[in-house]
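Each chain gets a letter, A, B, C, D, E and F, in the order it is written, and its residues are counted from 1.
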């Protein structure tokens, strides 16, 4: 029930520099920044990833998820339509659906058994007409006014997004062509979920947004390839983004890793060793596509990453929990027409990614290393000039450009521009 | 328990404790040697168990693959420095046939950071298949099923 | 030592609607609301339950307790009189009494051994007259000015209350007739404490205050009776409250549960099963009273609940710890003239209540379900119109009326009316 | 220890571990079967021990009452969904007479919520009386004395 | 394990558990009696191990010194009231020679305050030398190496 | 990187009374007080203890430490000079040095491999000149502008201090003569570190500063000496401090403890027992000095204590972590010319001090007892009049005088005077 709209106070904190090349550390540490993000971003004109349709294929299938730190339910109605609503009872605020996922024609709150249908509409109110000694609800009680708070929902190729914003642009416009294409590429065939991975990182969620838009760290932080001689000097990269530069997508073309032999020269001695894998079956995959792309990373503002790394396919849902903590929720999938061997290959390559991933475990560590170091000096800045800064920001395409663009978009939504 | 079963139990317990101590003493290179050559080691989040085959976050189906993992941890990977402590308890032999033992146990793993503060890192169950190889017991299979399927930060050292 | 009175800032948060039917969720989550409650309510013109006299029968018996989140000592002086004082040394603020309860002629602070008597008066100060090289206290040092901060104490029939308020109304006026009667009924005979139960609930303390004033949830959340066919359709209820409607008391008349047979029809299918107890001895009690009352629940503002459920007798002390956490402290008692069999019966029926209670465990779960769901939307409201809303609030007696009255009283004390 | 005592110990340990595993595998219906028909199960907050008889928060003095409790948990009660992990350690036989064993052990129980985060739920001591019933060992009495006498939220699954 | 080794193991386990229970039952006066007269007890923060001799925070090299420590705890020292719970696990005999056993084990110690809330207090490893004294096993040396080398508040009761 | 200096807001909290005899409890509990301390004190015109030279004897040895709660690196350069800099990468803020101590010619950040030398200067930037597809840094990129934030460093007799303040007085002036003398006395001979002890105390760091300046509590809180008849009635004390009274140093002359026999009369019955040690070897030491001083305690503002208690020598570094938590970090040392027997003696006497110290364990307990009790009544005061209050504060030398002086100095730095 709402009486008044939340008043969004003017920010008492500094924002990024206009070009996005300087970001005050306090944006990663302050509770009031985090609270404002929940209103201005996650409740704002953005599309938030919430689930894959493959996770709720049948009528009345549901899955609980989050938009920012607000718990929601994603649900498929009897007619197959998709819905999302806040998982908070319209009566006195209890969590309605306590299961992580399942199939339910009704979502019933345990406290007083108010029941909601698969669209979040109130369909059952015990004692509504009253009982001796307690009375019921007034005659003018209107169940329609007491449903669960609904979000708009849009799905593209089975990737489901939700938005609190009344005027959020249509999903395809919000994503824009290059991102739509990136999704189309991976979701052209029906997918099947193989499982999930979760990690709790003691760092600010935006540090992960930066990380997935950061080409600078790849070969420097992640040593697996170079150590095992899997680094390719001859690889080609291609990137793209939307008009607003909120999102980013990039692919890497490359030979099969097993053919690589040269260890990387990355201007430092960390990875000079040149082992080869004692058990090379780890990397024995089969191309899923004929375009020669071995790696594709797509970051969609605010909280989605979609990956293809060799035969590993996954969405990563960044779930902010507090200024200094987020959950990274991986939904690992394959294609419905995968044969047993292909599934086995994907399960084995899962070694590469996730919380124990041979080529990914470093990211969360780097983020925690930052969060620990910025406990003070909130007015000091992160320095993002790698790639250089052209006068015309539309030409800003090199190095950390994608991160700078992220911050410019962020500043706009937060009223910090 | 018969005297025989009894001795088998003691030997299995010794193997489980040895496994834990090698990891806690950072003797990672010896870890694969506790498995048979085609040994399997997996870490499976409990929430993934309802789907079969279950998605693991750490997967080795050969000793060689474990060797690669250890090499990677030593040479390539960056992870949080810490002391680990693997506590193994509730060791049960669920079945014994032809010298092959199905064993269940509880594990509790703690991590202590460089400031000396300890946190509970992971709790779960070992589901092991232990067999007699070259005169000593070894793991044919060790599945660590994590109750704690939300991994704090990252998982580097095997559970 | 005090130099200035704490300045109570004007609230920066919204209050309940005038009729108490709408309560912003932020009242359950904000730290500043919690801090203000400590001043305006627990330090205000209210009587706070702190202990039972049966817990400190002898001279110099003491028990540590809390008023809000302030630690206090409840003590019986040599002459048998009751006293309460803050458990914080007047010297440099250390906790003085570290034991939960006991018998002590002096309460001595371990830090510098200042000693206080059973009335909280300072009676020992080491080196007061000085020692070489350290000096002592000035000649005008007045021990009377350095006692432990005292609270007013009042006891009704052995139930002890304390108040920080200088002008809190006399206890019996504060309680008012129906509440006094409810206490008189249960404490007419001398009681003996059988033990304690504690639970830590990750929820706001007021969610429990609402819960114990909420007839709506009883048969809907708690399934034990219906499941085992112990629900009585023919039971009668009677309720009462004080003038100010701060408190509430209610009794249920009913046959012995064992004679019940019909499963409940509560407008939903949750409890259709119709088991009977494999071991009915659980419910084999003896009426403690001849009035046919099987259940009596009395809620006294701000933090006391007194219960009789069959032969289970207990006070429940709600101990707020933070905006999102409270302890529920149960003092379980019987009567001094109970025979062994009766004591055995009470001990067995303890199965019904407390943190593992067959008919009570759901309450704390419901509260945690709310606290988790209201992390956002602090301006959204809890909806309390069950029972209908008469134009004349004095006639507001149905459904959630008692909760609405609680909020109106709360708003008055908090300056939110 | 003699070989006999030794076998008794192993059998008692097996019972304790079985008890824990049944609960962790949510096989509640089998839990009462580990007790003799007139078996006693209590959970007693440590702070209540000084008063005798001590107030328990969970009290069963018959198998039938345990069955009722399980039924209630299955059909009637609402409690926090979680995975539980019962770790039993420090198992000691304090006395053995006429096939009746007084046993002490430490327990540590963890709860993991549906987001995969684990918390220490309860620590304490088992005080058991174990006897030979129908050819297998069973609990005549099991008292869980909670060090953690301030119960986090609620206690549904037996300790 | 042979039957002999087996019995030695059981006796050592019994000693370790007895040690833990005496402390948890606040029978401090009996604690020194588990050591030989010239017995050594030390608590060593893990970060000090690289320097030898390693700095201990709790150091006794005689039974008499342990008696003094207990007296001091009883009569002189002020420390946080709590219940302690010593969980001993992963007990391994690393060597056995002339009735002298080198033993390693993991310990986990919890503290529960007077409000009934439990916290993990210390995790680490026991490094023991156990020998046969006066017909029963005793500690010649017990070193508690703390993973948790950042002591929460203070350490009063021996680990 | 810095764009603007942090704006230090005017305090919204009360300060100590002018004479330092009244201290509001909220100074120990409020997060904003703690944050302001980090700026006004630890970043102010003070010298912060950070390490001993004996911990980094060789070129390129380093040790990580803290100034307030800011992580820093203390390092010895190739030429033997000492340096201190913030352990936060100038690129994007990651913790650079992850080890507690060691030897390193370069400190390399794992995230993008920026490398800093032993002076904290930036000496390595991967891809600085650019790589295809990423570009590099602009031609005018100046590594000198991107070093780690440096602190000034000064060492006296091997005790290393660091300061953020540009105009902090020279170390010897800051310490002043009596403190310099105290350090000279203990560090006249080259020391060797024997190890460390750490304890985490759930209390405010200033409660420990008070504790080490508090002669009042010594015989009253710490019972070991009296209990074992080690209390000396004939001992003499001597104290000193700096001009500003920020610091304090005191020594106790006394016979060898073993010769003592009388139990103390400290105005209460706590320690009447009169045991003697069953194993007196604990106290069998050898005087380290010929001045008859058995105990010397030196407290240097803000966060250092240096102790000699019999043969135990240690620095104690108070490391604030939050308003209600600090770490006490002990560096236990002896002299390089100690023979084996002397080292054995120091290791055995370590029993006396540290987190399990027979004569020191009480201090952290007393502090936690205070922190727990002052959860409310932030405007109430700690009462510090022991020793009396002379009209002329320069003559304020008795009892708690040193604590009062601490608060006057604190108030000055905090702008609360």
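Keep in mind that, in the parts below, contacts are C-beta pairs under 8 Å (C-beta built on N, C-alpha and C of every residue); 3 or more make two chains touch, one makes a residue touch a chain.
The shown structure was predicted, so the numbers you read here are calculated from the model rather than taken from an experiment.
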- Query: Can you name the chains that touch chain A as well as chain C?
  - Reply: D, F
- Among all other chains, pick the one whose mean CA position is farthest from the mean CA position of chain B. C
- Please identify which chain has its centre, taken as the mean of its CA atoms, farthest from the centre of chain A. E
- Query: Is the contact between copies chain C and chain F built from the same residues on both sides or from different ones, judged by whether over half of the numbers are shared?
  - Reply: different
- Give the rotation angle, in degrees and rounded to the nearest 5, that superposes the C-alpha atoms of chain D onto those of its identical copy chain E. 120
- Cα centre of chain A to Cα centre of chain B, whole Å, reads 31
- Message: From the mean C-alpha coordinate of chain B to that of chain E, what's the distance rounded to whole Å?
- Response: 27
- Task: Take the average of all CA coordinates in chain B, do the same for chain C, and state the distance between these two points in whole angstrom.
- Result: 49
- Item | Residues of chain D engaged with two or more neighbouring chains | 3, 6, 45, 47, 78, 87, 89, 108, 115-117, 120, 149-150
- Message: Can you list every residue of chain C that touches 2 or more other chains, as numbers and ranges?
- Response: 98, 100, 110, 198, 200, 221, 327, 362, 365-366
- All pairs of touching chains? A-B, A-C, A-D, A-F, B-D, B-E, B-F, C-D, C-E, C-F, D-E, E-F
- Task: Name, in rising order, each residue of chain C that touches chain A in their complex.
- Result: 14, 17, 22, 24-25, 210, 215-217, 220-221, 237, 266-268, 270, 362, 365-366, 369-370, 372-389, 398-399
- So, in the complex, the side of chain B touching chain D is made of residues 1, 3, 6, 9, 45-47, 87, 89-92, 104, 106, 108, 120, 122-125, 146-150
- Query: If you look only at chain A, which of its residues touch chain B in the complex?
  - Reply: 100, 193-202, 221-224, 226-228, 271, 273, 275, 277-279, 281-282, 327, 332, 343-344, 347-348, 350-351, 354-358, 361-362, 364-366, 368
- Task: Could you please specify the touching residues of chain F with respect to chain B in the complex?
- Result: 98-100, 110, 198, 200, 327
- Message: Can you tell me which positions in chain B touch chain E when the two form their complex?
- Response: 3, 6-7, 10-11, 14, 17-18, 20-21, 24, 83, 85-89, 108, 110, 112, 115-118, 120
